[in-house]
């Protein structure tokens, strides 16, 4: 078997997760990594068991063996690196957000179209098999017309004022945090499942900790919990810890999302409830192997992630039999499986099953409008 | 034992529930009922095992034996009947909503204050023991400063366009339905538990069925599910099936509620999540004997309704040991237990533990502002 | 309405619960109570709002107004009091266990048959509406042939060696405790739902605390948790804290139950899972308003206690709409409703819907065989 | 990095799962596979992206590059292949059951000890992080003295008489099925967590389908659900579909397990409840990222699989932050991570953290005694 050769840039929390997921695919091989500087890159490559280490991204792009590049660096680097990778003729899988601004994202979408190369954004949550099952239910008309959508995405890793991370710094993370970081995942899931488009938003943000304590040495995402209260500097915070956004969709149906990064006890919990004229579906990321299906005239259902029970489109994302839970790591594997099918065919499909740069642009656009709505205190068109 | 004599007016769905709850109290006796017309009143009194039947409310008010009157009639009658009852020198327990308008409610609050008689509104959901436990936790500072409140109240009894009930008719039910009927319960719980006051609201309503089919014969609340699709008349609907309201509280914290009466599979489900600077609490009316307590630095907790485990204030509302579930019928019993303690003392207490006409007024005020916000499409001060 | 007059004997934990449940019925009136000695009886009658107080049971039996007597005294008194009540021509509702021995119970069954009076045992757990729904499912063949039954009944109110109660003393409670107290409820539910008869048992008991600390003053059931570790006497315990019993039914199917009164955190939890050739059903007393229905070829179901969704036989036990949880107190109300229908007709029905003395005898028989099996360390025929 | 070279034998359901799990480790490389016959082996190696394909196991053993061999063939081949692999000087990871008989397993344990090579059995369920957390809780005394253990392991993949698989044939699978296949996992977890040894067993087996329909062409494990009812042959079944086993442990504590492969709706569900003198713990494989901790005197707890919250010993098995569910595939990865640490050190550790051939022997011994107990209908010493 000729394996597709891949290079991964950025080796913080999510880069190694990409690498591990890619390794599960029989026809893909991560041959190179890139991180800042030769020394760090080499050390990490050694730990990760990867052959080649590049201290400079451009050098990795210059490696002719590499067909596809994953961009897992901090947010503000996504745009220039994705652009450079496309220009170097690589297929590109980019972490979200795709870019810093809508304008940049539009540029990438156009550039990707021009090159014809595969472009994907790591909206991996779509790859929980029951997310696709809900989408397929909707496509088959099993939900009927959708009335309303209620979503929450709650975390607690920034609960204390002493919790700190680069995501708190607007110059690295953008003008929005809770909405951009986790709200974007939620919005993507909602549009993906319902097939609807958000056309108006009305937002209200809160910054629960207007000042935080920044540690004087760097720490990685999520590991912040472990920090001791020493060597901190005071930092004013201008991004939201919490936000609620009311939504209006293109068919007149309505919805609402709430996100928070300061909800004690909620480690990383998405709740999604979509009500249609036939049935309601409810899914929670903390028990991702179950979907609840609400009915007016008979018992409600709880459908397990079981390849023998879900729709064919969803079964394609399942590796293990019912009752053998799959989780977060499996979502990236399934996403990459679909992306690399396209990579092997050499070009972006006409109707990709995976999330693309266009989806990345879409989320940036929605985020911008949400931020604008919060500033204006009014409904804003998307 | 000298029992307190009570008369109950209105014998649809909720009146008999009041009667059954009152009978559980050793020191209260329902001696009379009132419904429209002598014949119906007598028949229902017979079925309910009540001594006296009044076809006219005024006649029941004239009965000197009766100390306290419960008003369980359709919404539009609450105001005139409560007023008459107070003027007749009775203590009054009124179903919600207290009145048709804020103005009427203000009149009742003033009148009640003048008479000094006990006045209560049947916000019975406060009497789930764990609702009071959450309130007590908050009072003791166990939640810390509250950051955010997320609430939903979802039903499906009006799911179909063929579902019909007097609550759908504005002349009987008012300008709002989902918010007034169930949103008011949710708002009451939120202010009751948090001790905060809503100071601004931003609402968005949806009428999922702008036309409904009205049956030509009358049916009682909740029994509508059983109706056959025959003998219906087309009726345009101008009240909301769904609403989301963003909330701002007097201390700057924020929240959101969503209510719906068209969510298939959700029979009558309240979800309430309150996040503070110390802990989060979550409670759901479908498993009312558990409260989830979220923590950042240790395992989350699930506290059962157990008199040995909850705060003393909550234990007072518990009749059975842990693991012996209590439910909806028990909430009214506990509410009345506290109301009739006041009745026996002959006057409204200074700081009543039970919900009063002032609470009923409060909910009408908030509802009015929510309706106004939906009309104006803007934030409105409460 | 002519109300049926009732007297209740024994006013510890469960007697007042009977009284409260009876009061919810429109056509029943508790007119008298009996407890040990005039003074106590009078004080308790006063608190409970009951007209007449009898210090002697025989005096209550001599009251011609009283048609039906409830026996809620400690276990060892059930037999003589039930016997006396039947002989006095009363209908009798007896707490479980019906008697101290199988022989006594047989005497009561025969005596009751001779008198023709209504006889019932308070196996109230049958009256959770979804218990009857599962029974009806089985009767209608919806479960198919039953393969296996797995049941647990776990409590923690005797968790500590310092937890003490009269139920720990064999002279008052019999040779078995966990099996007799809670196992009997579980066995009754299993035979009631499945319609099968246990024909062989194989038991293993454990006494986790072979010595306990007895308080020098009396305390009531369940309130023991509150005791301070003072004024205790050492008492050797010869009844089981824990038991597992393997079961064989008359059709060859099999099962197992485990009971424990020393499982920390399990306040009063029954779990019951019944697998048939068509479906599995699972029910838990901590969420009694849901039943889980397991299917091989489609999504599993969760059916809520909703009068519009359950079988008609179960809907008869439901007072409130779906989503308005009913609980433990409601089970006794529903049981008594069926019993008093018979009382008003003046005699035991041919096929009573409620549990009878014969059912009480049945549980004593099974308990005796379980105790024998544990002693013999072998399978024993029932 | 010098990667450890591995060969995997047997490519049905579980072999590819081993391969995928191994690939996630940065320092391990699966270089060869073995299946029956060159053609099949080559085809599967191609699909799996593995370099070398061996049609004969001995040829793979002769490959000097290969340091460690995984045996994933049908049960009856485990013994001869493990033996051959050890004799060839390889480290060995064997699927369960280790052998056909206790005698064979003893031979393997002795042989492994003689060679000093790493030997492991794929009891992967131990590697759910919260399983190890419960074990660590017990080691630290947080459970106190264990009173009782209740376990169930329920499946439905053999629910119908038309469900067929090689595991139904005693010549391939042994004298026991439900106990050997899934009961062994459960017993292993119980002894692993509690640190207790089962010293006596009392079993009762049931064969719900004494005759099954065998398809005329072969099918793989779990995929049987998809079979059509055609081309079947009648086959008498002599292994159990269901079993309950009462347990006694070396410290006098007691327990019970029930296993079934015919429980509709239970795809693959383990429930485990362990009660000690301080706390109870409960874990279910369908929500493996939560453990319930029961307490007598305070709220119960639900601890999530969060590296910041669990004991250090358990955190070592966690790759993703709290709220990012890990599942079944991750257990094998974590097991292999510990095994290959030993492989790199070249020999079996003194106190291996992973399950060894001795553990495989232990489970065979317990299974034999359980089978004997069922035959004798009596308690049997282990």
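Every chain is named by a letter (A, B, C and D) in the order it is written, and numbering of its residues begins at 1.
Simple rule for what comes next: a residue touches a chain if its C-beta (ideal position, glycine included) is under 8 Å from a C-beta of that chain, and two chains touch if they have at least 3 such contacts.
In UniProt terms, the chains line up like this: A, B, C, D = Predicted dehydrogenase.
No experiment lies behind these values; they were computed from the predicted model shown.
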Shared touching partners of chain B and chain D are A, C
Greatest centre-to-centre gap (Cα means) from chain C is with chain A
Quick note, more Cb pairs in contact for C-D or A-C? It is C-D
Whole-angstrom distance, CA centroid of chain A to CA centroid of chain D, is 34
In whole angstrom, the CA-centroid distance of chain C from chain D equals 42
Averaging C-alpha coordinates per chain, one finds the centres of chain A and chain C separated by a number of Å equal to 54
Where chain A touches two or more other chains simultaneously, the residues are 266, 292-293, 297, 300, 304, 308
So, in the complex, the side of chain D touching chain A is made of residues 1, 3, 17, 20, 23-27, 46-50, 155, 157, 222, 225-226, 266-269, 285-289, 304, 306, 308, 319-330
Chain B residues touching chain A in their complex are 147-148, 150, 152, 156, 159-160, 202, 204, 206, 208, 225, 241-242, 244, 246, 248, 253-256, 258, 260, 262-266, 273, 275-280, 292-296, 300, 377-379
In the complex, the residues of chain A that touch chain C are 292-293, 297-304, 308-309
